[in-house]
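Labels run A, B and C following the written order; every chain starts at residue 1.
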Amino acid sequence: MKKIVAAILALMLVLSVAAFAEGNPTIAYVPKVIGQPWWDHVQQGVEAWAADKGIDVIYKGGTTTDSAEQVQIMTDLVNQGIDILCFSPNDPDACEQICKQARDKGVIVIATEASGMENVDFDIEAFDEAGLGAFLMDELAAQMGEEGEYITMVGSMTMESQNNWADAAIARQEAAYPNMTLVPDKRVEDNSDAQEAYNLTMQLKEKYPDLKGILGTGSFDAPGAARAIEEMGLTGEMFAISVAMPAEVSDYLINGTLKSVALWDASVTAKVQLNAAMKLFAGESIEDGSDLGEEGYAAIHIADNGKGKNYIYGDGYLAVTVDNWESFGF
Amino acid sequence: MSEYLLQMTGIDKSFGGVHALDHVNFAIKPGKVMCLAGENGCGKSTLVKIISGVYTRDSGEVMFEGKAIEKITPADATRMGIQVIYQDLSIFPNLTVMENLAINSEITANRKIVNRRRWEQTAREALSKIGYEIDLHKKMGELSVADKQLVAICRALLFNAKLIIMDEPTTALTKKEVDALFKTVRQLRDSGIAIMFISHKTEEIFEISDDVCIMRNGKNVFLGETATLTKKDFTYYMTGREIVDDYFVPTNISKEPVLKVDHLTWRDKFHDVSFELRKGEILGITGLLGSGRTELALSLFGLGKVHSGSITLNGRQVRITSPIEAQKLRIGYVPEDRLTEGLCLRQPIADNIMLSSLKQLTRALGMISHQELFDKSNEWVKTFSIATDDAHKHASTLSGGNQQKIVLSKWLNNDLDVLILNGPTVGVDIGAKQDIHALVHDLANRGLAVIIISDDLAEVVVNCNRVIVMKDGGIVGEMTGDRITEENILDIIR
Amino acid sequence: MNKAALKRMTRRTEFYMFIVLILLCVLVQIKSGGKLIAFPGIFTRLNVTVLRTMVVDGMFAMCSLVVMISGGFDLSFPAIAALSYSLTCTICLNNGWCQNSPVVGFLLAAAIGWVLGMLNGWIISNFKLNTMIVTLGTQTLFTGISMGLLALKEITSTLPNGFKTFGKLYILEGVDGKIRFTLSAMVIFLILLCAIVSFILNKTMFGRALYAIGGNEVSAERAGYNVRKVKFLLYSSVGALSGFVGMIRVCMESQSIPKAMVGREMTIIPAVILGGASIFGGEGTVFGTVVAVAIISLVSNSMLLLGIDTYWQQFFNGLVILVGVTVSALQAKRQKQ
């Protein structure tokens, strides 16, 4: 029995290698996690791209947002022999080593939501991080009437992008909304779990009875906070915002607990990653103003990420409200 | 109706070609204590399992209360009034005494719901059978072995037992507890119950049994009244060879003491213990359980504490705080419970023998030569005639006596000055016992100083040239040579 | 109460855990300025939240408790729950079921859990394998089925209405200033389950069989229990219960997330041990388990309030495991002597 299983596995390995031994590059896409709506949507985008171009993409991710698991998957892929690696790191620092190895082997490495990474060819962001942070703050401030106490919430303190958005949001508040105050706890993490976001909201309101706004970042923050707000009967008096999937928060948008959430289409970003990688694979260069073939990326911006590496950003984000949520279709 | 409660004739049982029972005859009368004796592996437990319905016999006849019985299942056995009290007592340490007493009959009655009042009633009824009193709500695990045993007996009595089979019940009991147990056994016997008592301790068998059945190699070699048997005959039937008590005669005692203990005290355990030990001597230390004898040994081996007093070894005062230090000072210790303290049962025999002398086998970089280890251990297997065909087998495959030999060889492998043996033959067959004793005599006469700690007075008398008697943590008597007799020791202890 | 009974009580872990709980309550009450218990109304926003947190954890702890009493370990109950509710929600969603009443969903989840639990029970009772190894295997298998084979998705806003409204039911409503708080009706399930488990453990021969097997399996067999049957019944029932509790969780959180239960056993089992269950089997009570779950819920819900960094939550969980296991091992050692 054991031998048969081993033989089948070995055969599959050989076949999978053989399948990619054509003229096209071998491409792998590693999401933060699989089996979760945001990344399911990305997967659909990647699959659509693959069907469109007629190139296979290995889409492989962990079942949890554990960075060790993700690094292991990336290591396996690089050792298998790939030409292009696109990914979105759970912990950018943890991925540096394997990305360096990949690039040393000649693999083209394109990241997203990976600000400040060193060992990548390009980091593609849907938007400029400071811009999204300010956008979230502007939206929340408008809901709160530009006054009152608020706190920031992230999936985890190691998620660099989300923390950068939150920092940018605080900077924006300090500059533009003097009547708003950040409570002493400043930032809480919900382990990317809506239930935890709910519990935290309950506890925060207990500790800060005057708390009026929760500036969330990850896609679990607003739904969890909204459920707590609704249950406390504080709709219209306490507000929450974060990046979120329209379908996930439709109930709360409809009943008014959430006024708006921010969104960019991550499947588009994924396609841009793949387009950029193909461009580099073909020997073309990417410069400020290049066209990466998707809406919002017709004339891209290139900036320095602080480590001498370039990152690309589009004009990705927009506000989802009760009026437009249905138009997204996800 | 026949005079026998249970009569078995020509019982055969084989396991895959091995003849475990070969035409065994067995009979027991109501109101009698029948001892089933024999060395390990003689077929005792197979016979018990056939009686209790766990195994089915291949051939032979069984008559119970005059009626021929075709097939016995465990449930049949219970219904007929046969109860087995296993060596482990089959108790539940986590349940209360009450539950332990009542649970079996509740299950047998196929009850689904627990009725505390009924349970308590059942439990009280059980206790009343032998007039035994104990807190019903105490946890079973908190009782002493003797109390656990009495509870197990009471539980067996609930089933209107006509035959109670007790599998080596005295193994973990002190002398006093054994006396109490025997009192209960006689009480049961007098009420008309047949008791089948499994043991290999000669003294006990002669003390308690009316009849005896001795088995050897799957055959019964003796069946009859105990009174018609001498101890010498008994030993012969058990082992198949003549065994004479081989008293220790020291031939090689050194002038200077190798070990000198001065006013040694471990608070609350023992106090002011002083003695000397010369090479070539076998010193016996005896006393009741709790007299401090074991603790004294532990202190000499660095496992116990020393609050005051001194230990002098070869003229040099030493402090022993760990077994490693004791080993460096060439002191060896063979613990009482060889199974839990002295052996790694699931490791090969060879590894066990060489365990305490791995240093000698260690080469550069801490590597160990497996071949050398195996060769050396084979020497010991031969020297001690350890009954195994392959030293690679697990130590658990050996009988108790052979396990004890391994523990001994483990220590002798290192050059020792002092060897402390704690209860060296507890749970060991007569034959193996004899071998171990002979070996110890030989070692002493070759210049080793030996301390035997034991409450088996016969063992102390036969093997020691000097005996120290302890009581309540202090030395209460010392005797040498002809003065060492069981009577003299008992006089001091009592 | 006589002296002996009192002495027996003070030797139990539960007793000390109860004292710890009381002390902790006093501490939180004082430090938070009276937010834990209101006089005379008793209920406050904080304590209803604690009770709410206790529902799912407490019910899962019951699953774990009965298995541990029998001397086993079930690492697979979170995986069973996750697979049961994810599959149930997907089926209900696809067929348009449970828009009004959640009953069908609960029955379906319990049935799926029962089947999965039977697999555990069958392997454990037939092959007499170490329960920890078996359930570690089935845990991975079940997770693999839900994530890989069936590729079950998260269901949030599209969750059938019957589940959503059921989860929002409450038995008590109060107002703290402007803030409304409710005591979830799901607490009833916790209380009911505790009562049922307590009855089974103490008043039925099946319950006593679990203690007997946990205390000494060989003796239990000799005493006449059909150990194989008892174990099969135990693991299959625990499977069904896990599926049911999983659905409660879905209703309370208004979301079905296939991987939300991953690793939950590592917080539940230590809690059960902390509550007096022995890692060697044969010991454990419903009361002790509830007390331990209450301690953990209280701590996790008042950390922010008391100004303790959320990082400390991990530290606290680790401490619970260490303390629980140490106490359990020491107790077993004492009993051995």
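FYI, contacts are C-beta pairs under 8 Å (C-beta built on N, C-alpha and C of every residue); 3 or more make two chains touch, one makes a residue touch a chain.
Note that the coordinates shown come from a computational prediction; the quantities given were computed from them, not determined experimentally.
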Centroid comparison with chain C (C-alpha atoms), farthest chain: B
Innermost chain, taking as reference the mean of every protein Cα atom displayed: C
Chain centre separation (chain A, chain B; CA means) in Å: 70
Where chain B and chain C are represented by their mean Cα positions, the distance between them in whole Å: 46
Distance from chain C to chain A - Cα centre to Cα centre, in angstrom: 34
Interface hub residues of chain B, defined as touching at least two other chains: none
Residues of chain B that touch chain C when the two form their complex: 86, 88, 90-95, 99, 103-104, 106-108, 111-114, 135, 137, 139, 141-142
Of all residues in chain C, those that touch chain A in their complex: 32, 35, 45-46, 49, 53, 143, 147, 151-154, 156-158, 168, 177-182, 253-255, 257-260, 262, 300-305, 310
Touching residues on chain C, where the partner in the complex is chain B: 4-5, 8, 202-208, 211-212, 214-216, 218-220, 222-225, 278, 281-283, 335-336
Touching residues on chain A, where the partner in the complex is chain C: 34-37, 40, 63-64, 185, 188-189, 193-195, 198-200, 202-207, 209, 223, 227, 231-234, 237, 247-251
